[in-house]
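The following blocks contain the structures, represented as structure tokens.
First chain A sits with chain B, and in the next complex the same chain sits with chain C.
Right, the complex of A and B next:
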């Protein structure tokens, strides 16, 4: 079953003005339930617009958005309920923090849902754990924290709503390698524990290769490719033409294969490559012995 | 959406008015407003209307834009005209009489003249100045015009720098507000229901991050300016030197002729076409 399905979405900004620009022209995409779905595309490909369609921040000019098989615009007055079920973390979400303590900030979403105090406390605690936020930080003001810590607070703020679909727009942008690993680790841990659907929007082929089960590639407001991570990365030429690419390690392995080194084709992460190279070296040593 | 608000009202173009020096345009606007208010006789009014239309045509600004600019003041114009019609007393017989309500010919003429005058001033000044001058050029022109005041220790440069920075950051702040509002809406914030107090409270999650980021931006900008050795007006040179060009003097001449025309038609053609 698809957690989220977009059908023939068309959207134009600043309609009927000289500044009119078409962001999406007939996009159809689906995101599988209980999976980590990747959405990639070059700058200006319509990713951010599409993301705002998912929880009803923008209303498509044409087309429908189905969340768990139900049209989200069926009852426009209840669009707030949709936002609780499809949580969206924007790019650089640390700039949305406003409360005097991190705890209260994370509780903002759940409080808007009208949950009981006890339930809220429970959710704040568990969300903070998922993103690896030390409980001593919860009483601090978000403005005292480092950039990476603020990002985690913001992420926890959406996770605490426990949406069945969690959409993240470039969750690791501007973080150092350790920050990246930790953020993605937190997202993955959360997904596994809650068994919900995650959609990650990213520029980094390395990140989506490592964390996503399947990929949707967007180009100029249309879906270019769709499939499992492996399938999509087989189309290196198309990806490069649309301003993207494949993970560096995939390219490296392809070049090695062209030199006649017997490595498998479907390698997308450094860990996989390492394992395969070690295996190969082991085989050779075995031959020599 | 917030993005749809047009700011600064500037419409880029290549018309004579666009190319003219901002200092000259400020002077021309002031002259123009004075002349419009000097118009008395019917002929003078006709000259003013023709001149304003001429300005609008050479500016190549879309008619719809100009009409849209007049719209916000339409209500006030009609409102005052309405009162003028009823409250102006004439010498001749009233045209219409119904109980205490008397409408005189003078009242109607006065109301029409007033509407024409306000519409002209609005159209003319925006066509000469705001529609055809970029905000940056405008503050630059203003600084240069006011620079004599530096002699009496008025911080003219600092004021215009502040204005430039403020104008520069309006679109940025709008974009930022939009982003933060969306982020809070994604967390279930509700800006459009409840009473006044509830709605004001609902804006806090937007205003606090907005202030925080404004302070951050201000700090960053100050650092960036210092990195480029900005130290105020002292010894500052400009990349774009303002220079009067022939076109500026042509425009000035046209404006003077228009002024003379209005004054002369007030004096000598006062009776012509008199209603």
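Right, the complex of A and C next:
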């Protein structure tokens, strides 16, 4: 089952003006339910436009957007409801905090959904836990926090609405390796606990390799590749031609294969590479014995 | 070091708490007694976790921030001297250019070549000279073909290269890149890294490159790791990345290939040299080990 399905989407900015530019031309993409779906593409490939289609911030010129099988534009007046079910976290969301305490900021979404005070408290608490935000920080002003902590507050604010689809645009941009691990760990923990669907947009091949179950690759407003993470990273040449790449470890495994080492082609994390190399070494050593 | 281009002598820095009151309250120091020398024409990568103080360090070098304690020398001149005039400060900012993270925050004009001319115009340079500098700068970053374009039509990597051209047009001796590749896609990163490397190798510009990307740091001559306001590692990329455990404790990673080789070495494959930085050489080394260990070689 697909949580989100976009069918033949066409979208042009500034239509009928000299600045007219087509961002998406007949894109069809689908994102699987209860999975962490990756969406990658070079700058200007149409990722951001596509993301804004997902919860109706932009309306396609042509084509349909199905959220859990239902056309989101069927009743345009109810589009606000769609935004509770498909939550969008933009790049650098820490700039969007506005309440005087972190707690209120996280509670803003659930409050707009009309939930009870008790339910809101529960949601705020659980969202803060997922993103690893210490409860002592909840009473503080967001402006007293570090950049990484603010990012977590913003993320928790969207998670607290418990949307069935959570879309994150570059959630770890600008964070150091530990910060990245914690943010992605939180997202994955949330996805597993709630059984929701997550869509991650990223420029970091290493990060999508580590955290995404499948990948959709956009190029010049079209879907270039779609498949499991391992399958997609087997297309090193096409990815490089599209302004992207593969994780260093995938490239390294290819070099090893070219040296005549019998490793599987679809390795994209250090963990897998280590396991395979060890197996090769152990197995062969076993043969000698 | 003889005649270092940059010299920090026991430099500390604390931000002000921002609380109103008769006395300025300082927050805990973000940089603590830093001593550092950077050679002219060198390419140094600076790594550190978020909040380690690396961006603060960069901002001290051209007096965007002023140290709380200690002295800073640029090209032998004490820029923290109280006799520094406003003109002296502008001269330092011309000598040491900075390129920041977000390309959209750095471009001011509506046409690429006008944006590049902005710096030299402010220096009061003659129009013919500006024309020449703008053309040369755009040529250096490989953006001549776009000089009449509007910046918003460019990709992230192209915008950053225009920002770099704007700095080059002021004929700096040193450029500090503060996470200038962080927001770019892999192609944009490569374009900018190639440009940085060329500026260093061909134009002799001293480069300080602040980054979270370990593969980028591998391209520098020297890597400095800052952790909690002090320099915790300093050496060639090979030397620094051989301290895998130490890097992990300060919240950093090593490149994936280094990690793989390090893990293999730590389970007993002593012949592995995980400080090798060339991917192809690493692959040949590991392939040879796998083949030998499997070929019945008596060991």
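Note that the second predicted complex is superposed on the first by the 282 of 289 C-alpha atoms of A that agree within 3 Å, B and C clash if a C-alpha of one lies under 4 Å from a C-alpha of the other, contacts with A are read in each partner's own complex, and residues count from 1 in each chain.
Everything that follows uses one rule, which is that a contact is a pair of C-beta atoms (placed from the backbone, for glycine too) under 8 Å apart; a residue touches a chain by one contact, two chains touch by 3 or more.
None of the values given here were measured: they were computed from a predicted structure.
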Which partner does A:243 reach: the first (chain B), the second (chain C), both, or neither?
-> second
Tell me which partner A:171 touches in the superposition: chain B (first), chain C (second), both or neither.
-> neither
Report for A:270: first if it touches chain B alone, second if chain C alone, otherwise both or neither.
-> second
Once the structures are superposed on A, label A:221 by its partner contacts, choosing first (chain B), second (chain C), both or neither.
-> neither
Chain B or chain C: which reaches more residues on chain A?
-> C
Does chain B (first) or chain C (second) touch A:206, or do both, or does neither?
-> second
Note: overlapping chain A surface for chain B and chain C spans none
How about chain C: which of its residues touch chain A in the complex?
-> 48-51, 101, 155-157, 179, 182-188, 212, 215, 251-253, 255-257, 259-260, 263-264, 267, 269, 279-280, 282-284, 286-287, 289-291, 293-294, 296
For the chain B and chain A complex, residues of the former touching the latter | 3-4, 176, 179-180, 182-190, 204-206, 208-209, 212-213
Chain A residues touching chain C in their complex are 41-44, 146-148, 170, 173-179, 203, 205-206, 243-245, 247-249, 251-252, 255-256, 258-261, 270, 273-274, 277-278, 280-281, 284-285, 287-288
Mind listing the chain A positions that touch chain B in their complex?
-> 13-14, 17, 52, 55, 57, 80, 83-84, 87-90, 93, 95-98, 108-109, 112-113, 143, 157-158, 161
